[in-house]
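Take a look at the structures below.
Note that chain A is present in both complexes that follow, paired respectively with chain B and with chain C.
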Partner chain A sequence: MKRVPATLCARCKGGKLLCGLSACPLLERFRAEVRAFTRMPSTTRVYGATPPSLVVGERGYPRVAVMYNVPPGSFGEAAKIYDDPQGWWGRLSLDEIVRLRSGLLASTLRVDARNPWVLYEKEISLATVSTRPVSSEALLEKPPKPSLRFDGVLKPVGLSAPARLVRVEENPKPPRRLEKAVWDDARAAEIIGELYFSGVDYYTIIRAMSAGLLGRLRARRLVPTRWAITAVDSIVGETLRRGVRENPLINEVELYRGEYLGNRFVVILVPAAYGMEWVEVWHPSTLWTSGAREPVVIINREDWRGRWNYMDGGYIAARLAVLEHLYRRRRQAYAVIIREILPDYYAPVGNWHIRETVRRALQGRPEKYASIQEALDRAARLFKADLRGVLRSLKIVRQKTLETWMQP
Partner chain B sequence: MRLVFTDARVWRYVITAVSKIIGEGVFKAGPEGFKLRAMDPSRIVMVDLNFPPEVFEEYHVDEETTLGVNIEDLTKVLRRAGKDDKLVLEAEEGRLKVGFLGKGERIFKLPLLSLEYSELPEPRIKLKARARMISTVFKDLVKDLEPIGDLATFEIDGEKVVARASSDVGEAEIELSMESGNLLEVEAEEPQRSSYSLSYFSDIVSAAQAADSVELSLSTDMPCRLEYSLPQGAKLAFYIAPRVE
Partner chain C sequence: MSDAAIARISYPDSKAFQSMIEALSKIIDEVSMKLGPEGARIRALDPAKIALIDIKLPPSAFLEYSVEEEASIGFNVANFLKLLKRGKRGDRLEIEAKGDRVTIAIVGDVVRRYTILNLDVIEPEIPEARFSFNASATLLADLVKNAIRDAEAVGDTVEFEAPNDSEFYIRGVGPEGSGAETRLTAETGQLIEYNVSEHSKARYSIDYLKHVLSLTKVADLVTVEFSTDAPLRLGFSLPGEGRVEYLLAPKLE
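Right after this comes the complex of A and B.
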């Protein structure tokens, strides 16, 4: 069997298939293990409310699978909890999230991504962005098969079965601003910015993007959910970044911390021109590093012009949270974000928790330091893994500026 | 002010490289030539550009003029420069007129920005090693390092230049020497070794297309200086601050 290095897995997270295999062996094995979790209804007629949402797959694009998720038998507010990252944060444990998601049933339709109007006509698209869950019914071709799906970017998906028909039975109520945007013949990037700044729920914007509700009318597409999440994070992030890099610098070195679902974060803001460093530390025995003996460390860097070494769903979610913070404060800083993944994070449940944990960490009171070195020394003590070597090699520590040689 | 330069594409490549470093810049046109010296906001790279009067076909500058320009927009316009086009630059009533003189004349006008001109000093450094090479050799060197890593380490001794990059992807090592014929000149008081972020090299390598040769000078853990020799003795130099252990 081919041996795949753990650093590659930690960077790929099952999404990019960097190992060259046709399916991620780690995810496959993991799915088989958790299959035991799921309760299996034997019916082919499903009632329930949505959102809980739509997931657009990426396999076989543009002929994509659209998974219409409903919790069978749950309606109204009771249905909402199945897909509510902001409500989950800090309250639900990883077990509870996995169990909730395994109670969802995905009725799967095959749709051409280039024709999102098929879903629009049946009100399915609007149902997924409704502020209050709407009842719906699905007729399945055959009884559902358990197939709990996990991913570094997407939330887990539970049971699924091909659907003959999906019917939305109530009138969806999208946020007013979004309802207007659906008929706006402007580029998606522009509309996403407007929706974001007018306060439309972030996760609703992502669903709208994925359901093909945004963009030039003639170029609308269903966007695989994983791509949509990353797209919204990078579009909003880019808008914020352009503002942030014109702002004055912060005054001191600040250190923020947060932890949720076995993911520990430290954010250090440094008074220097904008830029970011993302340090991800996976302990052995987490999903992606089962073959490793030592913690696996991955580093991603972004320079002042907003170019990063590689695209990563986790990085871009954390980056968004940091940019939001700086934008709101009208300040500029260089950010070091450290994420330690402890063995308790046994199932990847999406990148939403990264965004939310970093957002909340930055709402806390920072510890303040006079120098980067002091802040990094402090940070090193906050992690289980020994990161002293890694933190010493950060660019913010090692990169000199020309000013050193320009003093008169 | 009216300047005419023989090959508009030289400007296209040069300003494209400059646009990677600064978004807005202030040029100064005076009796000594057409100049720009600026640092990027993170203060890691400096560009030093000087086109003396004699490199122009026509150089009419009555009084010292400063021109604040959105470099990004200027780059977009200069991208339209074609083979056999001459470049005409004129300042008039708050606007910069960019003309291409080839078969017929095409004229673009860009607003001048009211930006303050501040004279930056050059870094005060004495670099102990230098190597000169054909500009395409340098360009290939940078392109070879790119797939591997974001840190480039250069070592120069009296005979050769060794460039290295390493990351979890793998390692790259490129050797240039007088012997193999890909260096034009090399000298070092003693071997010097220094590391830089590769992305800054990637940014400015596009200017190599306008240059005949490139000279890389550096000292251990000091900034490096890259000088492109442009046609007719115009000068384009960059300083990049090092990353140190």
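Right after this comes the complex of A and C.
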């Protein structure tokens, strides 16, 4: 059997298939293990309210699978909890999230991504951006099969079956600003910025992007959800970054921390020109690193211009949270974000928790330090893995500036 | 505002000018070119304060250089670069500042004329840095370019070492001790001029060094000056006259 290095898996997270295999063997094995979770209805007729929840697949693009998710038998507020990252945070354990999601049924339609209007006509698109759960009915072609899939960016869904028909049985209630945006013939990047700054729920914006509700009217596309998440994070992040880099610097070195679902974060803000360093540490025996003996460390960097070494769904979600914080404070800083993934994080459930944990960490009161070194020494003590070597090699530590040699 | 031009200059090679602007575009968004009796000068410090580009073009570098008094032309570097890219080898570049407008003409078989706004670029105070360098080498520009490209294959850091005045090393430093090494010696004539007053060794970011590689297209020779764990200065002499200096802060081990 082919041996795939753990560092590759930790970077790929089952999404990019960097190993060259046609399906991720780690995910396949893992999926088989958790099938036991799933309760299996044998009917082909499904009633329930979508929380709302939608996944557009990327396989076979532009002929994509649209997965309209409904918890069978749950309606109204009881349905909401099946897809509610903001409501989950800090309350639900990983087990509970996996169990909830395994009760979600995906009615799958094959649609041409270039014609999102077929979903719009049936009210399906608007139902997926509703602020309230929307009662729906689906007629399946065959009884659903368990398909609990895990991914570093997407939330898992328990069951799926090809659908003959999906019927929306209640009027969706999209946010008013978004309802207007649907008929706005402007570029998606512009509209996303407007929706974000007018306070529309972040996850609703992502679903709107995915459902093909945003952009130039003639260029509307269904966007695979994983791409839509990354697109919204990078579009909003870019707008914030342009503001942030004109701001005055913070005054002291600040350290923030947060932890949820076996993911430990430390954010260090340094009074220096904008830039970021992302350190991701996977303990052995997490999903991606089952073959490793020692923690696997991945580093990503972004310069003042917003150019990063490689695109990563986890990084870009954490980066968004940091940029939001700096933008609101009207300050500029260089950020070091450290993410440690403990063995308790046995199932990846999407990148939403990274965004939310870092957001909440930055709402806390920071520890303040006079130097980067002191803050890094402190940070090293907050992790289970020994990160002293890694932290010493950070660019913010090793790269000097010309100021030392330029006395006025 | 009067209609008289406050400055009119004409540079013989728009492609050479493009190389300079390309280097600037890597470190900064907006910049101002100062025109005075000494010639044209652009100084740009990157916002992270790691690198500084200093371009000096004396009046003799220009075909025409008529500057009434001190003038300043501010522009967005990326936009200016876009215009310059429209030119061909051998085209001439003419810049005329009048009121709050700047007219840029690329003159070849056809004349392309663009008018842009003279931006009021806020100039950061950049103190003149004074240095003494313990090692100084003059090399063929291509040699430096290739050594940096080789180093890039193994990592993100390059190390310069001058142990004595007959050998010079350019090394790529990779993770876990991997590396690539280029050894240059005085005997083979690769070191056109070489002075070492003290054993010197320092490391620099390849990303930042790559910013000025575009200049190796127009300069035949490069001077490399540095000291242990101190800034690096790369000097590019342009054909005709004029000089570009690139100052880069070190990375510590």
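Everything below uses one rule, namely that the second predicted complex is superposed on the first by the 406 of 408 C-alpha atoms of A that agree within 3 Å, B and C clash if a C-alpha of one lies under 4 Å from a C-alpha of the other, contacts with A are read in each partner's own complex, and residues count from 1 in each chain.
Basically, a residue touches a chain if its C-beta (ideal position, glycine included) is under 8 Å from a C-beta of that chain, and two chains touch if they have at least 3 such contacts.
The model shown is predicted, which means the values in this text are computed figures rather than measured ones.
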{"item": "Fit-or-clash call for chain B and chain C when the two complexes are aligned on chain A", "value": "clash"}
{"item": "Chain B versus chain C as contact partner of A:Thr7, first or second or both or neither", "value": "first"}
{"item": "Touched partner set for A:Gln373, first chain B, second chain C, both or neither", "value": "neither"}
{"item": "Partner chain(s) touched by A:Asn251 [first = chain B, second = chain C, both, neither]", "value": "neither"}
{"item": "Residues of chain A that lie at the interface with chain B and also at the interface with chain C", "value": "245, 272-275, 303-304, 395, 398-406, 408"}
{"item": "Contacting residues of chain B [partner chain A, same complex]", "value": "20, 39-46, 120-121, 123-125, 150, 168, 197, 199, 222-223, 239, 241-245"}
{"item": "Chain A to chain C touching residues, read off their complex", "value": "245, 272-275, 303-304, 395, 397-408"}
{"item": "Chain C residues within the chain A interface of the complex", "value": "45-52, 125-129, 131, 205, 207, 230-231, 247, 249-253"}
{"item": "Chain A to chain B touching residues, read off their complex", "value": "7, 245, 272-275, 298, 301, 303-305, 307, 309, 395, 398-406, 408"}
